[in-house]
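Before anything else, here is the set of structures, which you'll find just below.
Look for chain A in each of the two complexes below; its partner is chain B in the first and chain C in the second.
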Partner chain A sequence: MKKISRSDLPRLFEALSQARRLYIPADDGSGQAKFLPYTPGMELTQNLNTVRSAKDLFFPQVENLLKFKVQGKQIEILDDRDPVEPFVIFGVRACDCRSFDVLDNVFLHAEPADTFYQARRENAVVMTLACNAPEETCFCTVFGIDPADPAGDVTMWQTKDTLYLRANTEKGAAVLDDLPLDDADDAAVAAQQAATREILKKLPLKDLDLNGFDHEHMLQKFNDPRWAQLSESCLGCGTCTFVCPTCQCYDIKEFNTGKEIQRFRCWDSCMYSDFTQMSAGQPRPTQKERFRQRFMHKLVYYPANNDGLYSCVGCGRCLQKCPIHMNIVKVIKTLGGECHDA
Partner chain B sequence: MHEMIKAKAIELLESGCVNRVLGWKAGEFFYDLTPAVFTTREEIERDFVYSVFSAANLSKYLIAESRKEGKVAAFLKPCDSYSFQQLLKEHRIWRDNVYVVGIACDGMCDMDVIRDKGVKGVTAVHQDGENLKLETLYGTATMPKSDALPERCVHCKSHKVVVFDEMLGENGEENPDSGRFDEVERIEAMTPDERFAFWRKELSRCIRCNACRNVCPACSCEKCVFDNDKSGVAQKAAASDFEENNFHIIRAFHVASRCTDCGECSRVCPQKIPLHLLNRKFIRDINELYGTYQAGADMDTKPPLMDFTKGDAEPSVVYGRGGKQ
Partner chain C sequence: MTRDPLIPMLGVVTDIRTDTPDVKTFRVVGLDGKKPFVHIPGQCAMLSMPGVGEALFSITSSPTNEEFLEFSIKKCGCVTDWLHGIEPDQQITIRGPYGNGFPVDTDFVGKDLVFVAGGIGLAPLRSVINYVRHYRSRYGTVDIVYGARSKEDLVDFQEILDEWSQEDGIHVHLTIDRPQDGWDGHVGFVPNYVKELGFDTGKTVVMCGPPIMIKFTLAGLLELGFDKTQVYTTFELKMKCALGKCGRCNIGDKYVCKDGPVFRLDQMDTLPDEY
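== the complex of A and B ==
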């Protein structure tokens, strides 16, 4: 265990940003937090979490894939990916850290691996920060996540005056070696963890019942008539999808720059009416089917295909940001907990 | 007010006046209400909530609801009533299928505003006269209700419900001294470069979620051009970040003279972009160039940009209105 005084955070950020690009959660100009490239003087946010999740740094909203140049009968294909340099993300919360496992299953562990995502994952050092003050919208513990002891290459805890750091991987240890840190024992961290766990016991959403969200009850859930009522006032916007740390659907598009064809990909949303059009048109004609798809994917399809791992991490962003306050918690409370056979 | 509205909802349903009621449904916490349609007394008794968090404007839902079988009762706040009447004017809502109950409103609270004041982990909110009592994971807090109001309510344009079949509570008055254009004037006073930088910065946060468009009562096209893959301008094709900027400006143009300034766009924006300022700029310009006009205030007048008179401003008017150089 290492430590540094919180008043020395600027010194820590300077040291971290020497060897690689550093991202910290900081004010985005609206009073909300975002992972931003560190510049001298930038301060760590006081907010619990960012609006846009840490997934942005591995799977950006828009990225170039390649270019085509046509000359006569020749088509030249040019690799147009943005170069990836080593970087470090400071202050990732336990929920977002779990989201990397969810995304890895999709982009890395399936064949073929997504080389764009892979390059960023390999070049990144993830420094997580344990939560001291969870909010009412937090429910990561429902998914077996411990916000007092997050994963990552380095785990960090904050007390009133001190930041504690523990390397979990070789990559993390190598980063800590270069930093101006002192040795520390575990006592202060253990006390902080105990305090956080007392708050976790009071979280109003800690007892969500996920029973029945599994492969076995897939059709029962799919055919549940209550999807109609749950989705009736959904606006069909993409807010939940875009603030979600695990949503990973994208679209691939091209445009003519005048000189060549630029192919790029960008986030897509199952909430949109033109999502995954097929030759016969839109397979999910109304918002009810689109809404159902999103939650079936998070709670049933993904875990059925990934050893029971849910693709919700309980970060609570959709609870805070949905314009009509319809969210995965309301879905779980309405449809969960009943396991009678269909 | 809450009990009165609930009783009215049950009365309308049980008398056979309507076969369903559009309102706000209770959530996990006091503040997270969801617009919903209620069809039974039991549902209303259990879930119907009218509180300082019944902020969502229900008018746009009536485009679809009024086309269904039977009559729907809708509870409309002053803001919502302007949107409703504007949609009536555009023949988007079938008036005969809606029973409008007007409800007085003196401002709706916003959880983001409360969080911004540093109160975190709010698990329950109780209204105690002019104060909000907040229960949080970290103790209790009290805040004047006026501190929890979003900008649109601080600068409320009108407390008047402009269309109703029945009014609950006393109807209010228009508020011409709302000061809602103060911020627009501040931006107008900037140099073009400053103004450009201001909007580039604000709009740079856009994530293209389309919440502003989808919630907007004036954006009622059945299929938006930005949702049409074949249009070449579909929302996902971001050639540069300028496209998002343009999207908002174009949207403001499309709703100009029909936007009632209900402020839903800014309420729902997850990135806190002050989108309503674009609309207010148009409203202010229209007021200056065509005479004061409030969209949705009546059924008779034509929106100035959908009408032609010989006195209309000429296109050349832009040359004299570029702001400080």
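== the complex of A and C ==
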């Protein structure tokens, strides 16, 4: 265990940003927290989490795949891959850190690997920050995540005056070696963890029951008539997929610059009608089917393909941002174990 | 850095055959003049024209053709409209092959096969049919039931007449939706025709066509005494990556691009009815 005084954080950020680009969760000027490239003077946010998830740094909203030059009947393929430099993400919360596992299963572990994502993952060091004050919209523990002991290359804890750091991987240890840190014992961290776990016991969503969200009950869940009621007020705005750390669906589009044609990928959303619209037909004709797809994917389809790992990390962003206050918690409560409370 | 699977290779359209008023068959080779890649019957490829778009098409040529790939494409959207307007020597991009393909070297071996196709649904089956013709002794009898709106809408009509119909042990049953001058063959929809023909229930059925045809043909086959484990079909849903990552072609927990496009119909009973 290592430590540094919180008053020395600027010195830590300076040291971290020497060898590689550093991203920290900071105020974006509007009072919202966002992972921003560190510049001197920038301070760590006081907010619990960023509005947009940390997935942006591995799976950006828009990225160029390649470009083409077209002349008559001839086509030329040109590389348009953005170079990836080594970087550190400082202060990732436990929920977002789990989301990297969820994304890794799709982009790295399921053949063939996505080399754009892979390059960023390989070049990144993830430094997580344990939560001291989980909020009432937090339910990561439902998915077996411990916000008092997050994963990552380096795990960090904050007490009133001190930041504690523990390397979990060789990559993490190498980063800590270059930093102005002192040795520390575990006592203060253990006390902070105990305090956090007391809060976790009181969180309102801690007992969400995922019973029945499994492959065995796939058709039963899919055919449940209550999807109509749950989806009735959904606007199809896609905000939930936008802020979700595990939503990974993408579109591939093109832009004609006048000189070249850029083919890029961008986030897409299963909540949009265009997502599955074909000239030959539409398998999900109304918002009910699109809404159902999103939650069936997170709670049934994804776990069926990934050893039971849910594609929700309980970060609570969709609870905070949905304009009609519909969310995965209400879906779980209605269709899962707690259905009597619906 | 290894080449990303989303990065296509260049191909050249060397020949374009007009099959029907809205279907053309495109012959594609790589820039080196050779077949772009080896595939299994039933697999698909992503074709694109920069500035127009990229779309998934089933490969209609047989893997036994070592010179080129062929795609029979119906004009029905942006990319297909563009393809219908091009001339030979046009370059395009191609990536693939994608999907599982038909079990031509396993489950189909030794079986009597019945191919049932409607309209452009013959495109993926042509690959299987020509593969089966090439390795004729590995399979039992072959029946081909093929229907279209009219005589002019039958894809590969000349190949069916000149080659498939002429071979021993291959029985071709053509039908069109409505009576037409110059047509003395069967008239009527495919599902009814399949029931009229009343195949031996020990045969294996391979279907492709519009969803309504699949639905009613299957009902007819079950009535005849077929089991769903004897019936195969191939699906088509919107795709962007064809790699199981862009997230839109799933039927329940299966991705059509990776786990399909070929499914045995009993497998569909365990999946949500959303296709």
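Just so it is clear, the second predicted complex is superposed on the first by the 334 of 342 C-alpha atoms of A that agree within 3 Å, B and C clash if a C-alpha of one lies under 4 Å from a C-alpha of the other, contacts with A are read in each partner's own complex, and residues count from 1 in each chain.
In the analysis below, a residue touches a chain if its C-beta (ideal position, glycine included) is under 8 Å from a C-beta of that chain, and two chains touch if they have at least 3 such contacts.
Note that the structure is predicted; figures quoted are calculated from it, not measured.
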TODO: With the two complexes overlaid on their shared chain, look at chain A and say whether chain B and chain C clash or fit.
DONE: fit
Open item on the list: With both complexes superposed on chain A, which partner does A:Leu65 reach: first (chain B), second (chain C), both or neither?
Closed with: second
Open item on the list: Let me test your reading of the model: by the given contact rule, A:Asp28 touches which partner, first (chain B), second (chain C), both or neither?
Closed with: first
Open item on the list: Quick check for you: in the superposed arrangement, does A:Gln277 touch first (chain B), second (chain C), both or neither?
Closed with: both
Open item on the list: With both complexes overlaid on chain A, does A:Asp268 touch chain B (first), chain C (second), both or neither?
Closed with: both
Open item on the list: Let me test your reading of the model: by the given contact rule, A:Glu136 touches which partner, first (chain B), second (chain C), both or neither?
Closed with: first
- [ ] State whether A:Asp251 touches chain B only (first), chain C only (second), both chains, or neither.
- [x] both
TODO: Based on the superposed arrangement, let me know which partner A:Gly308 touches: chain B (first), chain C (second), both, or neither?
DONE: neither
Open item on the list: On the A-aligned overlay, A:Glu289 touches which partner chain: chain B = first, chain C = second, or both, or neither?
Closed with: second
Task: Where chain B and chain C come nearest after superposition, their Cα distance in Å - done: 8
Open item on the list: Residues of chain A that sit at the chain B interface in one complex and at the chain C interface in the other, please.
Closed with: 251, 268, 277
TODO: Spell out the residues on chain A that touch chain C in their complex, using ranges where they run on.
DONE: 65-66, 68, 70, 73-75, 77, 81, 106-107, 110, 112, 114-116, 119, 215, 218-219, 222-223, 248-252, 254, 256, 261, 263, 265, 268, 270, 275-281, 283-284, 289, 293, 296-297, 300-302, 304-305
TODO: Report the residues of chain B in contact with chain A in the complex, numbered from low to high.
DONE: 27-29, 32-37, 56, 61, 111, 116, 120-123, 136-138, 201-202, 205, 207-211, 213-215, 223, 227-229, 234-239, 267-268, 270-273
TODO: Can you check the complex and tell me which residues of chain C touch chain A?
DONE: 1-10, 49-51, 53-54, 76-77, 80, 87, 89-93, 211, 236-238, 240-241, 243-248, 250, 252-253, 270-272, 274-275
Open item on the list: Using the touch definition from the top, list the residues of chain A that touch chain B in their complex.
Closed with: 28-32, 48, 51-52, 61-62, 133-136, 199, 202-205, 229, 232-233, 235-239, 241-243, 251, 253, 255, 257, 262, 264, 266-269, 272-274, 277, 319-321, 323-326, 329-330, 333
